[in-house]
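What follows is subunit A paired twice: with subunit B in the first complex and subunit C in the second.
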Partner chain A sequence: MEARARNLYLIPYMLWVVLFVVAPILLVLYYSFFNVEGQFTLDNYAKFFTPVYLRMTLSSFWYAFLITLFSLLVAYPTAYLLTRTKHKTLWLLLIILPSWINLLLKAYAFIGLFGTYGFVNTVLELTGIGNKQILFTDFSFVFVSVYIFIPFMVLPIFNALEKMNPTLVYAARDLGASPWMTFRRVVFPLTLDGVKAGCMAVFIPALSLFMITRLIAGNRVITLGTAIEQHFLVTQDWGMGATIAVFLIIAMALLMLLTGNRKRGLIDIVKR
Partner chain B sequence: MKQLVRMFVLVFAVSFGLIYVTSYMNSSAGYSGGNTLTVYNWGDYIDPDLIARFEEETGIKVIYQTFDSNEAMMTKIKQGGTVFDVAIPSEYAISKLKEDNLLLPIDHSLLPNLEHIDSRFMHLSFDPENAYSVPYFWGTVGIVFNPGMVGDLTFDSWDDLWDDSLRNQIMLLDGAREVMGMGLNSLGYSLNDTEEAHLQEALAKLSRLTPNVKAIVGDEIKMLMANGEAAAGLVWSGDASEIMSENEELDYVVPQEGSNLWFDNMVIPKTARNLEGAHQFINFMLDPEVAAQNTEYVGYSTPNKDALAILPEEISGDERFYPDEELTSRLEVYDNLGPRMLSHYNELFLEFKMHRK
Partner chain C sequence: MSKGKWKLSNLYLIAVFAVLYAPILYLMFYSFNSGGSMREFEGFTLEYYNEVFQDTRLLIIVLNTFIIALLSAAISTIIGVFGAIAIHYIRSNRPKGALLTLNNVLIVSPDVIIGASFLILFTLAGIQLGFTSVLLSHIAFSIPIVVIMVLPKLQEMSGTLIDAARDLGASGWQVLSKVVLPYIKPGIFAGFFMALTYSLDDFAVTFFVTGNGFSTLSVEIYSRARQGVSLSINALSTLIFLFTVVLVIGYYFINKRNNVRPGAKEGSL
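Let's turn to the complex of A and B:
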């Protein structure tokens, strides 16, 4: 009886998962088999393996990699310093605060800052460096994306650092490890889960970024997200848009699977 | 258990109740019938004083709703939940709406003012008989530029954009038809060309433009051009007039090889309830005096030849927005190329965007 009651309480969650997770994915898969004229075809998949889409995939992965890398480089030290500060929650709040502001608004703010006559260029000119094109470059694209994603990287790393038992660090130091060695051999491996979670939280959305590619990179950076947006909104070629989405889902699932396995391995090692 | 079931029933009951209430409120308690008329138009695309005047003259209460893209407008009309008596889509949207049977025919006998429309703007490919649509405003695609930043280039020819001196100084509108059309026009082909060899030639020519292109952007192009972010930009004439009202240094030109001619037309969608009011409204907007006032407010080009006659010379004589017969004859309306060709255009455009400097 109790088991049955428990099962019953699962219904809302199951319903939720089926309606809002499984069904949409199946629909995406379903649409990917139709061309613009509504005929059943595998052409979309063949088209994905043409140079245009392959290069787009490659560049999506490359930029997502860069964004994740730089986010990590900034976020790890930040999270580390956060755990050492007095008013942790206040600082954490300050870091998370920008993510409450709408993404488009932030992007528009950066257009103003980075423009030819924007604030940054005025400063550059005053310091004698001279006017530089910042907006619509790879640099501005990666910079703004990193800025947007940093909270998602900081949080899991911060949590992992917080959870870590500080006595382990003292023990390492007592046993003669240098600060760098302590970090490399003790702190970093113990927070690897947080790093992985952070990388996932950044890499996956970064793969399908689209508005920023237009607003900040002026369509000089083309990602799969841009292509999906165009196919759904402009060409109304839902089939091709869905096909790209299917490939993105597969890529993400593969990524999760790969890192997930290693995580289990790590837990085993720690347990031993 | 039972509680759970009861809760579900309650949730469903409430949702259905809400659906019913909204449709009830939409259909009877305000948004249609009787003496109201719902006009569905682009934002800030009509002089509000004219709506007041129309209400006063006819006693019909106008509900003015806005959309920001043809796609959004078409989706809303397709869904059919809300009543729209008059809508003002662009020409390609009209041919799509027509294909999907979402428009009602317009009764020309109820529109005596239709005679004021310039015959050049009637009977066009997207609605050959004007059975479903009546011209509201029109415009072109051209180049807005800052004379101080481009040396002695005049942009009489599209080829001026390819000039070496404009390295990293051009902004393009993010539209496959507009950019591909520019490539085709610059080679002397029609912007509705579907011949694969011509399209590839246009793509090859566009790829040589890449070093000059600073960015390919959407609506932001207005703000960016007005701020002097680039020396020249490919824009719609409507955007150009807005840009030029913000930054008076800029100028607009339609290159001599030809370009696109676009229309926003008034239609009566399937969702209309007040057909008589809709015809009255369209006829009212076609009145030369009303159209002239509206043109002065909106700043786009009016298709109403008698309105043009009333307008001051500085507007009606402006060749940038009212090009002479000779150039107009070389302007083309976008044909509905069908989803397959449109998709192909888009893929070529994507390929162009992916060229690295």
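Let's turn to the complex of A and C:
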């Protein structure tokens, strides 16, 4: 293709890159140096390193870690068992289907399910455990988040398992490895890329969840995402919000560098 | 595998599916409850469906949501397809890699960051928050998805096809419209479709850039859900669920038709 035509095609795309990819990041960085009155200052960064914000960051990472861990624990066996079923594409599609339904609706459903007179409490009462406060607790927050992220964890692991050569498992078994040994030494290492991709697809959004913290955790859990939303839309302190965003971007970039192998993971992440 | 093990594994899968679908079915079930709450089922009614269809404000919001989704998907597909073609024909590796990295920034960024940074951008650019800002941001976050869906198709295409077209005297435009675009058509459709679902599904970005007067379905559900349970939301979500199922089935068949590499297909779902 001629260079001239190529450059012509590139113009709208480059415009997009400059306006909506580069500019926003630079603007966030720029705004992080200004306080509410619009004066240039490093106060926001100083404020970020006070115990209040550090604790929030830490708890945000802790919750994201928990959510990722539980998603992985549920999703790996699911993906593994899915590869053994007969109509695996259909089953996989059925796993993915809930992820296409608006997140808000699912969160809303859990308000009903977990409510004081909701389904779960009715069951608890019938089994004699008695009514419990489920909504607005850490448990409900982690549970609903895991629920929402499971499909994004299952998908890359499923793909990795499908790619694996099954004869390797037979060979391991022939050589006398126990099922657990086979899993630990053969299957898991070979699907590690899928696990990494899945963890990426869950961990980064989990760091910045905000509507679930509002609807399900009743503002008890404050993540980095909630804080950003709060600063931008409620207190109008854009500078502080931007500062938190800068740290979130840095964390994201570091994570992507650490896990490496982005190319494979990205396609899986596409449908977040 | 022994029989007991088989049962246990099936039980596990059934449990996962049950948990995944319970909330959705729960919502749908209570949308028919005449009792007015999600507690006890008193009797069957279609009252809330009627309510949804009577609510002109809600219907306008639904319409807005679809207009935004269709427009943003169409525009982002056009920009994305040309972007992908341009990226594909960049020969040197470094600028190509840099562009791909930039392309993926918006895909991996958390929605909150995208929303916040776009809010700053629109405010500085003097764009009033509302329809335009929502449309622009939906186009912006859909473009990289289209590029990612189209690029593999371009890589699959043999370069000799274009050489042959050239040898037979095709102009640059003819090569594009008669050879390249038809070949990557499945990728274009998949990209358009993904952009559509992304736009319909988006809450966080829209929430930041929507301003006061304009609202999409997600934002509306959020503000209603914060006020507590209302069964018209249940009725609405049942309708949306059925619509989503239709969309997914449509996407499934589009994908099946151009199912060249199963791995790539599943990854893109």
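As a convention for this text, the second predicted complex is superposed on the first by the 242 of 272 C-alpha atoms of A that agree within 3 Å, B and C clash if a C-alpha of one lies under 4 Å from a C-alpha of the other, contacts with A are read in each partner's own complex, and residues count from 1 in each chain.
What we mean here is this: a residue touches a chain if its C-beta (ideal position, glycine included) is under 8 Å from a C-beta of that chain, and two chains touch if they have at least 3 such contacts.
Keep in mind that what you see is a predicted model, and the values were worked out from it rather than measured.
Engineer: Tell me which partner touches more residues of subunit A in the superposed arrangement, subunit B or subunit C.
Structural biologist: Partner touching more subunit A residues in the overlay: C.
Engineer: Determine, under the contact definition given at the top, whether A:Leu215 touches first (subunit B), second (subunit C), both, or neither.
Structural biologist: both
Engineer: Applying the touch criterion given at the start, work out whether A:Asp174 contacts subunit B, subunit C, both or neither, answering first, second, both or neither.
Structural biologist: In the superposition, A:Asp174 contacts neither subunit B nor subunit C.
Engineer: Report for A:Leu113: first if it touches subunit B alone, second if subunit C alone, otherwise both or neither.
Structural biologist: In the superposed model, A:Leu113 contacts subunit C only, not subunit B.
Engineer: First (subunit B), second (subunit C), both or neither: which does A:Pro77 touch?
Structural biologist: Only subunit C; A:Pro77 stays clear of subunit B.
Engineer: For A:Leu248, select first, second, both or neither according to whether it touches subunit B, subunit C, the two together, or no partner.
Structural biologist: After superposing on A, A:Leu248 lies in contact with subunit C but is clear of subunit B.
Engineer: So, A:Ile96: does it touch subunit B (first), subunit C (second), both, or neither?
Structural biologist: second
Engineer: Quick one: is A:Val234 in contact with subunit B, with subunit C, with both, or with neither? Answer first, second, both or neither.
Structural biologist: In the superposition, A:Val234 touches subunit B alone.
Engineer: Could you list which residues of subunit A make contact with subunit B in one structure and with subunit C in the other?
Structural biologist: Residues common to the subunit A contacts of subunit C and of subunit B are 5, 9, 111, 115, 117, 214-215, 233, listed in rising order.
Engineer: Mind pulling up the subunit A residues that touch subunit B in the complex?
Structural biologist: Checking each residue of subunit A against subunit B gives 5, 8-9, 11, 35-37, 52, 55-56, 59, 111, 115-117, 133, 135-136, 214-215, 217-220, 222, 227, 230-231, 233-237, 240.
Engineer: List the residues on subunit A that touch subunit C in their complex, please.
Structural biologist: Interface residues on subunit A, with respect to subunit C: 1-2, 5-7, 9-10, 12-13, 16-17, 19-25, 27-28, 31, 74, 77-78, 81-82, 84-85, 89, 91-98, 100-113, 115, 117-119, 147, 150-151, 155-156, 158-159, 162-163, 200, 204-205, 207-208, 210-211, 214-215, 224-225, 228-229, 232-233, 238, 241-242, 245, 248-249, 252, 256, 262, 266-272.
Engineer: Which subunit B residues qualify as touching subunit A in the complex?
Structural biologist: Listed in rising order, the residues are 1, 4, 71, 168, 171, 174, 176, 214-218, 220, 223-224, 227-229, 339-340, 342-343, 346-347, 350-351, 353-354, 357.
Engineer: Help me check something: in the complex, which residues belonging to subunit C touch subunit A?
Structural biologist: Residues of subunit C touching subunit A: 9, 12-13, 16-17, 19-24, 26-27, 30, 37-39, 79-80, 82-83, 85-87, 89-90, 99, 102-121, 124, 137, 140, 143, 145, 147-149, 162, 172, 175-176, 194, 197, 200-201, 203-204, 207-208, 217-218, 221-222, 225-226, 229, 233, 237, 240-241, 244-245, 247-248, 252, 262-264, 266-269.
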